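Each of the next two complexes has chain A plus one other chain: chain B in the first, chain C in the second.
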Partner chain A sequence: MVRWQRGLWLFFLPSFGLLAVVLLWPLGYAIYLSFFDYYLGSDVRSFVGLGNYADLLTEGRLWNSMWTTILIAFGSVALEFIVGFALALALYRLHQSAKVFSVLLFLPHIVTPVVAALFLKWMLASNWGFIDATLLTFDIVPPDWLGDPIWAKISVILADAWVFTPLVMMVLYAALQGLDTSVVEAAQIDGANNWRVLRHIIVPALIPAIIFTISVRLMDVFRFFDIIYVLTGGGPGTATETITIYTYQLGFRMLEVGKASALGVITLIVVASLLLTINRVLNSIYRGGDQ
Partner chain B sequence: MSVASIQRKRRRETYLVFIALCAFTFVNLMPLIWAVLTSLKDPKDAFTIPPTIIFEPTLKYHWEVWFENDFVRYLKNSLIISAGTVCISIPAGSLAAYALSRIPRRNAGPILSALFTIRMFPHMLLAIPFFVMGTFLDLIDSYLLLILALVAINQPFTIWLMHGFFLEIPRDLDEAAAIDGCSSWQAFRIVILPLARPGMTVAALFSLLLSYNEFLFALVLTGTNTKTLPVAIASFGGEDITAWSLSAAGAIGIMLPIVLVMLALQRHLVRGLTAGAVKG
Partner chain C sequence: MASLTIQHATKSFGGLEVLHGVDIQIADGEFVVLVGPSGCGKSTLLRLIAGLEDITQGEILIGDREVSHLHPKDRDIAMVFQSYALYPHMTVEENMGFSLRMRDVNLSERKDKVRASAEILGLTNLLGRYPRQLSGGQRQRVAMGRAIVRDPKVFLFDEPLSNLDAKLRVQMRSEIRELHKKLGTTIVYVTHDQIEAMTMADTIVVMRDGYVEQIGSPLDLYDRPANIFVGSFIGSPAMNMLEGRIGGDRQSFVSNRGTQIAFGAPVSPEADRKVILGIRPEDIGVSETGTPAMVRQVEPTGADLHVNLDLDGDGFTALFHERLPLEEGQNMGLKVLADQAHFFDPDSGKRIE
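Showing the complex of A and B:
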């Protein structure tokens, strides 16, 4: 018993060795770079301490991208949660045909994100896109979905929701299937309407799944890149420029890798503290509702 | 309320739910349907108001995008990179996951949380050092660097997923093997591995999907020789409106193998999605 467990630590070696070399080392290197004024392509890099951080935090573009990120993050996560939950409840209601629907509804999530973004671009493109072509048929002049600063934000939120609502739906649907049906039926026979069953039986039972989906979605939305990159590229102007897009511009277009690393570190700190807060808030609501 | 009347009401509601779901699914899949139609259209049918629904379909653009526009080569790159990632990620991840499932819970817990934290890292923060180091080592536009980057972001997920599968294999089996004189490596290879094969297939398919779909690392670490399909289609079809049918054909082609993988994974989908969810 003890003897065969002794060699077990060797099993960790390949994986943790890999993680150390290809994940922790680059991460450390990025943090190190964030203290330098370093333009990739020139030979000199000068130590600036927290200079990059100070520069970033005092410029308007960072705050603009931060607000855009937060707006898109909360907008899309809220939309995904509401629609995803409704779909999960609908699937739960159907039983037999639920399987076909769940596969069809899941498609947008599994398609390559870049391809999904192109699909949506062909819907939203002005004039010849499906939506515009349809509206123009009825002489309705459509807004510029991707070219107007406000509509572009809405389009990006809808695009994110198109791709990620299926994920929320699937996780919540799985959680619903683990529910004890006799409790629900008993409540219905006692005369509880749908709303009260939902509010007092289903939601409390799903709290762990709800916390999980919201946390995972929020943490992913901060690295949301492919879809915006293809759909608007951050434009018009900087209307849909999120932190991730801004970091990409800094690091890979302007080659300011020191400053870009600092922005990456800031993103990590924001995501980490946001998740901690959300977990704490949701957990306390959960405990509060229990009493 | 009587049980019979509740049942009648429920049946009526279920019927309404069914209709609403049909409508939603149709609208939701419209972008996909539209792309399929576009890929089969000649430009004269693609640019019309109102949108053309009935037309003479052509496979011309599907042929053209794959065989006259180098997409076959990008497919080869995508396959090499995905296969390379799976070949490193799954063996390494499975070993670690097995060990995690066999050490005491109080030791495994912190390791699992640490892995979950790693999942939170912004990919952009890793892409920068990879790009800088790749430039110095002259590894940009090589398969190796991109494969390593994908393994790095894949590893926590693979370990979490496989950990769940190994937990389902009873410990008694290892112990019996140990009593029979097996070392832990022999116990793993002879007794556990054959039982874990279905789980490994699921994990491999998920990793395959992740590396096939990945865009950011592929965008910054590849060049003309190693470009993957997502990078190719993003730079190909986005802007040029005259190439609509062509890029739609490419996009649909990229999507098809994924649909097949998804159908194969159907039963395990939720499990893969919630790998990392704290149990209980």
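Showing the complex of A and C:
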């Protein structure tokens, strides 16, 4: 029996080893570095304890990037969820012809985000971009999509939504396919109209998929980097500077690796607590605290 | 409570017609069972009545009101599904009260009605539980509770006992009968199990390939099946069928393989007519001077004895209530009385009166 147990550890080792190398070691190293005043390239590493954290939490730029992140994250996830869910429901109703539509709608997600962002940058370019050119033909003066602080935020949100709404749609569409249709029919016979069937039957049945989608998207959007980097680079000024853009600036522009590591750890804590809260709230709304 | 009229109901899916002008008249308070093999259209017909499928042609009336194209919620019907279709995130009480809530009945009245229905079905202790915390039989009962709470005009049951084990099925069968007696509501019940149909129905509708084959009381169908299909579908073990012709004296039958069966009295078809003879296994008697047969297999069920016989190469099943000392390979004589023989036309399959 003891030998058998020892044998089991051997099976566990490869995956644990892989996890340790790609996940635990970098994480531990980042936490370790966050306690040092350390510039990339310098040989000197001085221990500052929680100094980096104190510095970050007292400076305005962190809070500014935090609010920007929250705004963009909730804005884009809300948009992706509402549009994605609506599209998933539409596809669900379409039945047979749905397959063609789902492939078409999924296209933006197949493109690499950086490429999608470059494409959008051309679309949104002032005066001669596709969108501006189109609006100008109707004598509508377009806003400065990427140069105005407010429009830049909106553009970034729309760009993220353009790339990731198809993912949300597909996950929710797949979940809808697994729905017990007789439960929906029972509700119709019980007197529920379409809206009430959606609210009382379909949404509660999709809660696990909804929690999954929102969690994955929020996690992702808090690490949102590539599209913003290509579209605005965090600008104009710091209008679209999210935590990850700020972390990048700290680590690779200002070379303050210790501080950047501390910001990474803060991001981790914020995202983890946010996800736990969302998970609990959504679960308690629909499961009556039973689970 | 209300009567239910189905007039020339036709249903097509794309170009495929699955119901071909079905006419059924169901009286107020009647318990009607739609029975037939898989794919006969019985569930489709039930879904047409419920409004879960659009009728292609024809009319459905509940009472005097035409409901053919109304939304399910406006038909005043309740349905019990094969999978129970309980709302998994709601308690038993919420499940049962859902239809009342959708009709904006106030909370206290809702609670009263749910409790009254729960009492009828013995669910009072389970009101706080979730469906996943219930056994199959309890779920079935909750599904019925959800149907009766709102006092609809017609109950629809779609193979509600298929997911239960044999013992529970027998128990629920009588519970549904009891419930019908208590409430007196019109019931349309779909099943592929002819025993369920025979034991529960006031009237049975036998369906095949989208057509109604026969409508009648259970014993009517058993005693006077309208055609070969109904004859072999109703009754277990199934009716024996032998192809042949009536003897010149109209008192006997000769099968195509030459087996002769004497009835001891004249039968209805004319002499020398080609027929298919139907004999129920339980109508076969033993007689030393009767038709000779060889015992192939003996299957005692405890209560009865099922005997598979060989009649000159034709398979034949007999059911005896006595424990006859029969052995495989043994020869015996069979007796069939004239009034227990059924005759069908070989071309049309219809009963010969």
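Just so we're on the same page, the second predicted complex is superposed on the first by the 273 of 291 C-alpha atoms of A that agree within 3 Å, B and C clash if a C-alpha of one lies under 4 Å from a C-alpha of the other, contacts with A are read in each partner's own complex, and residues count from 1 in each chain.
Here is the rule we go by: contacts are C-beta pairs under 8 Å (C-beta built on N, C-alpha and C of every residue); 3 or more make two chains touch, one makes a residue touch a chain.
These numbers were taken from a predicted model, which means no experiment stands behind them.
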{"item": "Which of chain B and chain C A:Ser182 touches, first, second, both or neither", "value": "second"}
{"item": "Partner chain in contact with A:Val115 - chain B first, chain C second, else both or neither", "value": "first"}
{"item": "Touched partner set for A:Val257, first chain B, second chain C, both or neither", "value": "first"}
{"item": "Which superposed partner A:Ala73 touches (first chain B, second chain C, both, neither)", "value": "neither"}
{"item": "Partner chain(s) touched by A:Leu275 [first = chain B, second = chain C, both, neither]", "value": "first"}
{"item": "Which of chain B and chain C A:Gly191 touches, first, second, both or neither", "value": "both"}
{"item": "Comparison of chain B and chain C by chain A residues contacted", "value": "B"}
{"item": "First, second, both or neither for A:Phe101, with chain B first and chain C second", "value": "first"}
{"item": "Shared chain A surface residues [contacts with chain B and with chain C]", "value": "188-189, 191"}
{"item": "Chain B-facing residues of chain A, complex", "value": "1, 3-12, 14-16, 18-19, 22-23, 26-27, 29-30, 33, 40, 87, 90-91, 93-94, 97, 101, 103-108, 110-116, 118-123, 125, 127-128, 130, 133-134, 136-137, 162, 167, 170-171, 173-174, 188-189, 191, 194, 208-209, 212, 216, 219, 222-223, 225-226, 229-230, 244, 247-248, 251-252, 257, 260-261, 264-265, 267-268, 271-272, 275"}
{"item": "Of chain A, residues touching chain C in the complex", "value": "180, 182-183, 185-193, 196, 200-201, 204-205, 207, 286-288, 290"}
{"item": "Chain A-touching residues of chain C, taken from the complex the two chains share", "value": "50-52, 71-73, 75, 77-79, 81-83, 85-89, 91, 98-99, 102-103, 130, 146, 150"}
{"item": "Parts of chain B lying in touch with chain A, wherever the complex brings them together", "value": "1, 3, 6, 13-14, 17-18, 20-21, 24-25, 28-32, 34-35, 38, 46-51, 88, 91-93, 95-96, 98-100, 102-103, 118-133, 135, 148-149, 151-153, 155, 159, 174-175, 177-178, 182-185, 187-188, 209, 212-213, 215-216, 220, 229-231, 233-234, 237-238, 241, 244, 247-248, 251, 254-255, 258-259, 262-263, 266, 269-270, 273-274, 276-278, 280"}
